[in-house]
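Listed after this line are the structures, all set down as structure tokens.
Shared between the two complexes below is chain A, which has chain B as its partner in the first and chain C in the second.
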Partner chain A sequence: MLSTPSWRHRWLQFKRRIEPALFISPAFIVIALILVYPLAYSFWLSFHEWTLRGFRKCVPFVGLENYIELFKNPDFVSSLRITTTFVIVAVGIEFVLGMGLALLLHHDLRGRNFIRAMILLPMMCTNVVIGLTWRLLLNYEFGLVNYYLGVLGVEPLEWLSKPAMALPAVVLVDVWNTTSFVALLLLAGLQALPEEPFEAARIDGASAVQSFFFLTLPLLRQTILVVLLWRMIDTFRIFDVIYLLTAGGPARATETVSIYVYRYGFQSFNLGYASAASYIMIVIMLIIAGVLARSIGRLES
Partner chain B sequence: MKKVSLSVLVLVAILLAACAPQAVQLPATPIEEQAPAEPVATEAPAEPVATEAPAEPVATEAPAPTEAAAVAETLPEIVVAVWSGPEHDNAVKVAEEYTKKTGNPVVIEEIAREAYFDKLTTTFVGGGSDYDAAYIMSDWPPAWVEADALYPFNEFIEDPNVAMPGLDLSVFGAGADFFTFDGKVYAFPSEGDTAWLWYRQDLLEEKGIKVPETWDEYLEAAKALNSDEVYGTVIGAKPDEALWDFMYYLFGMGGGILDQDNKVIINNEAGVKALTFYADLLNTHKVVPPDVVTYGYNEILTTLQEGKSAMGIQWMAATQTLQDCEQSPKVCKDGKPLLQYVIPPGEKQTDGSIKRTTGGSQWGWGIPAGAKNPLAAYKFIEWLTSKEGATLWAMNGGIPGNTLALSDPEVVAKIPQFALLAEVMPYRQIVPPTTVTSDMVTTINEAVAAAVTGTKTAQQALDDAAAKLKTMLEEAGYPQG
Partner chain C sequence: MSRYRLMRIVKEILIYLAVIIAVILSIAPILYLFITSFKPAELTFSVPPVWNFRPTLQNYYDVFVGGKFTKYFMNSLIVASTTTIIAVVLGSFAGYGFARFPFRGNYALRLGSLLPQMLPPITIIVPLYVLFNSMKLIDTQWALIISYLTFSIPLSIWMATSFFADVPVELEESAMIDGCTRLGAFFRISVPITAPGLAATAILSFIYCWNEFLYAVILTGRDARTLPVTITSFMTNKAILWGRIAASGSLVLLPVLIFALVAQRYLVRGLSRGAVKG
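Presenting the complex of A and B:
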């Protein structure tokens, strides 16, 4: 008789412990299948030589050879340099413009809702549509951009065909596409700021510029870091827009790491090498994310 | 300590997972009997009786009682992959006819051109059963065959209960060789094409210039025709398509990619001359649109259609569009097309004759190894490439691989460019099919783009490309000596 409550107690305890695990297990299994397994498999691949013509026979272990080859390959080093330049310039411009827009929309402005709706439009387009549309707009011969430059008396520009122009053109499209997103997040941050410090500053005679640099920016730091974190990761892995605009050309001038990985992974089907390049990309993104996340954490504490 | 144990475990797992007994992977042996890759390949003329090494009709003795009985009955539905564009539209029309005639259902699935190779490769190599047949380029099968991703046709060809009565592969001319490896046939050819030199007859007549027959004449004509309104000519050096345009200059000037022993020759004197000529059209003579590094097939087509270029080398698939006044009204006058076409220029020889060599591509219909209904797929392909199917394919705008259809007087009367194609076939070259051809194409594309953008000289670009090609071919088992 005494054993019954003890058995029931143990069962209830076990149930209590196991139930949450059972509830989350479907999600966990799905995540494991679609995220953890491919990540682990590609990590494994990065130490092997997997090629289309050889994989049926053998996928030999090559240790760090793929990683060493990558850093010896000037094309990969160049793609890293191009990606870094692209991230810094694009995110920098997006941040400055996004902040300006957010400040503008934060004030009582006539037609504020209309402007807000308009700037959100680019966010509603898919990247494929954006890439194809801008490719037409920037076409040297038939593009609208050069047409209007011509109306203004400016010589048409070879936006996508000159190596020196192609990366700025890609930056331009990315800025057009995502500045509104940056502005939206910063606006949300601005609206959540307390009113009191700004009132106190006004009473003390602080100018708008002083308020911005000594109050707005420090108080908004956490939002800024989240925006930068999100945008840097997103920009670092950009593929579709660049691929549709230039396919990494001309003469590899816009070949980012993602396009490099695509070429080796899905055109040459050298999956070991492409996986190693992907892991280098992941490590770089983790470093960026780690540094920014630490800063956010420090601010919170 | 825990971390150290974990690291050791991971390392052991990685090592165990590798194929220890075959620690060093031997390079893949090149497939024997593959299509010749000599710089001056001579294909069989497009005549019913091919003169050189056609794939022999396979002996039909002792047929096994295989799936033959099923052939008489209605076959299951098949899904056929075709890339977007005129080939897809044509396949839909021809498949409808096949279904009407046989009752066998066929679904034609359209795949975007940019993603076509990737999509097929991942599906075929992964053993996917999404498609029962596909429209494939001759560059792709060597690697797929080595990865066991294609279904050989021999079991069907050799079975008289399955194969069409009187099936004769020699009607495909040399086209069949591009899809035959180690005696196994992996596709029936279709669309053995080339490109023409397109020229604006009105502009040439206005300036009193004769249609260029040599490269020097072509350059002189381009310079003379170049004006503020119209470019002298147009090229397409887009990063992923450059070779498909440059090949006409490379082969046309006597250059090549590999010799008959599969040794790299792209950076020989003729190759460098061709790339220098090609890049100079933009950088020195400025007779092409300044943004040609973003041009591929579509952009060249638009430039010609819009009347922005007086000349241009463009694939024969564009003929219908360029000569149709409804589709290209800007290059038509009084309902007649102003754009005319001829065989691309050649090299003038010391005796005054002109030596012609030109480029092209070869397509066919194959069956993936993972196909659910290979027999039904084979029967569709067999009909599609027969004289009847190929004629229908031609009448709908395609280029038949079957020489009986290509030389049919009724077909030639309706599509006059086939007569010119038959003339070109004996000296037409294609990109050599090897197990690394897709990588070779990427490498050459880069070299062409580098020379055209001026980031490298033609010599540097081709030397760099040749070094890369040699390494990849050596690794794939094609000794470079």
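Presenting the complex of A and C:
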């Protein structure tokens, strides 16, 4: 009889301890149910030879052969190089423009909500529509971009048909699509900065440029890092926009890793090989994510 | 003094000028698409571009009459809404859990929940295809709903956590002292307070599902096809039907843009919360 309250107490304590798990676990269980099998299966596939030809008989184990083949394949190596170039150039430009835009919007502007709403729009647009609209805009003969460049006295450019111009074209479209994301996150960061250091600097006679380089950038360091890494992960896996803009061409000039995997998985049905390439992508993504996790951690602590 | 004022006015003008240019560059391609969708076919490619023309609904007519656009519109709507409802319910519970209980490993787990969203879709689509094929789910709405949950649940957790973190703990504590259970406090206090934020979460999840292309193009065929795939079907082997692409593209963009404008403030706050301290 005497032990009843203590049992009750224990029960309450137990309930309190598992409460967080009860709230959090359903989401995790659903994600795990969906992802565990595909991830495990493609890991297994990456060590086997799975092609349409051999698909009825058996799926031979080939060890690391798929991985070795990949790094010997000049197309794959070139797709890695193209993706890296694309990520660095696109994210770099987006950062510079986004920072500029954020600084502009940080002023006390009239119609601020309207401006912010308009700038938000490109990042919400359907990628397929973006890719196709820009394909029309960048058309060599009748595209608006070349027409208005002509008005300004610039010779028409072969945006999508010349290998050397295609990657810049894809970068241009990605910059249009996602600079607003960078700008809006940096703006939120700017608005959260304390005002005192800036006032002190002004009193000490620092110029706007000086206070930007010696105060804003260092104070905003963590936000900048998070935004950059976030964008890198997104840019790294880009598919839709490029697929509709250039389909990886001309002459594979814009064939990123995603497009390469697509070609091997769904055009030549070489699934073992495609899975090995996928796992290389996953590893690269995990490395970027690891850095991201550490910087968010520092931001929160 | 007057020189100083002049400088200020010039600076002000330059700032507004730059902002106006940014706004124009942001919306010009979208406006161009809308305008093209009302252009008669013979003017689509005219150089120099013609802006003064009699608008026609021919392109829209072609889109609706030529194929099963209404059916695919419904597919998109059903897939995006179903995914969003499941994701926001699960994401709200998890987000509340993360925001309310500072247990050990909270932070690591929260970041871990983001991983599926970062996963390049191309890397799991091969095994998902094989899996759905053996379950006879290829070309069904369920194949898409299940795939979309992999990014919409993490997204919802991320957004919901930031909104629940803004609800003062004291409000719930006083209700719980008055005999409210934890679940009661969640539904009667936290959810109503964060309702606008959760609505923005739902809108963002809906937009992501509505826009998705890669899963849809691989996992569906004639039956469960969604709108982004339908747009690409106007690129035929013979010709690219730009008029129809512009019209269907406009129809796909319209709900997205309206949603984004309505939820603008909360969308930005929910997204940026994780990247900004405080």
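Simple rule for what comes next: the second predicted complex is superposed on the first by the 262 of 301 C-alpha atoms of A that agree within 3 Å, B and C clash if a C-alpha of one lies under 4 Å from a C-alpha of the other, contacts with A are read in each partner's own complex, and residues count from 1 in each chain.
Quick note on the criterion: a contact is a pair of C-beta atoms (placed from the backbone, for glycine too) under 8 Å apart; a residue touches a chain by one contact, two chains touch by 3 or more.
What you see is a predicted model, and the numbers here were worked out from it, not measured in a lab.
**Q** Taking the superposition as given, does A:E49 touch the first partner, chain B, the second, chain C, both, or neither?
**A** A:E49: touches chain B, not chain C.
**Q** Could you tell me if A:T246 is touching chain B, chain C, both of them or neither one (first, second, both, neither)?
**A** Touch partner of A:T246: chain B, not chain C.
**Q** Is A:F142 in contact with chain B, with chain C, with both, or with neither (first, second, both, neither)?
**A** both
**Q** Give one of first, second, both or neither to describe whether A:F266 is in contact with chain B, with chain C, with both, or with none.
**A** Both partners, chain B and chain C.
**Q** What is the contact status of A:V291 with respect to chain B (first) and chain C (second): first, second, both, or neither?
**A** A:V291 contacts neither chain B nor chain C.
**Q** Kindly classify A:I18 by the partners it touches after superposition: chain B alone (first), chain C alone (second), both, or neither?
**A** In the superposition, A:I18 contacts neither chain B nor chain C.
**Q** With the two complexes superposed on chain A, say which partner A:R116 touches: chain B (first), chain C (second), both, or neither.
**A** Touch status of A:R116: second partner only.
**Q** Does chain A have more residues touched by chain B or by chain C?
**A** C
**Q** Which of the two partners, first being chain B and second being chain C, lies in contact with A:V59: first, second, both, or neither?
**A** first
**Q** Let me check the overlay on chain A: which residues of chain A are in contact with chain B and also with chain C?
**A** Correct list for chain A: 141-142, 266.
**Q** Enumerate the contact residues on chain C facing chain A in the complex.
**A** Residue list for chain C touching chain A: 15-16, 18-19, 22-23, 25-27, 29-30, 32-33, 36, 45-49, 86, 90-91, 93-94, 96-98, 100-101, 103, 106-109, 111, 113-116, 118-128, 130-131, 146-147, 149-150, 153-154, 157, 182, 186, 207, 210-211, 213-214, 218, 227-228, 231-232, 235, 242, 245-246, 249, 252-253, 256-257, 259-261, 264-265, 267-269, 271-278.
**Q** What part of chain A is in contact with chain B in the complex they form?
**A** 44, 47-49, 52-61, 139-142, 158-163, 246-253, 263, 266-269
**Q** Under the definition above, what is the set of chain A residues touching chain C in their complex?
**A** Going through chain A, the ones touching chain C are 19-24, 26-28, 30-31, 34-35, 37-39, 41-42, 45, 100-101, 104-105, 107, 109, 113, 115-122, 124-130, 132-134, 136-137, 141-142, 144, 147, 176, 180-181, 184-185, 187-189, 192, 222-223, 226-227, 230, 233, 236-237, 239-240, 243-244, 257-258, 261-262, 265-266, 271, 274-275, 278-279, 281-282, 285-286, 289, 293, 296-297, 299-300.
**Q** Going by the contact rule at the top, pick out the chain B residues touching chain A in the complex.
**A** Answer in residue numbers: 14-15, 17-19, 22-26, 28, 117-118, 121-122, 125, 143, 146-148, 237-240, 289-294, 302-303, 306, 308, 435-436, 438-439, 442, 446, 449-450, 452-453, 455, 476.
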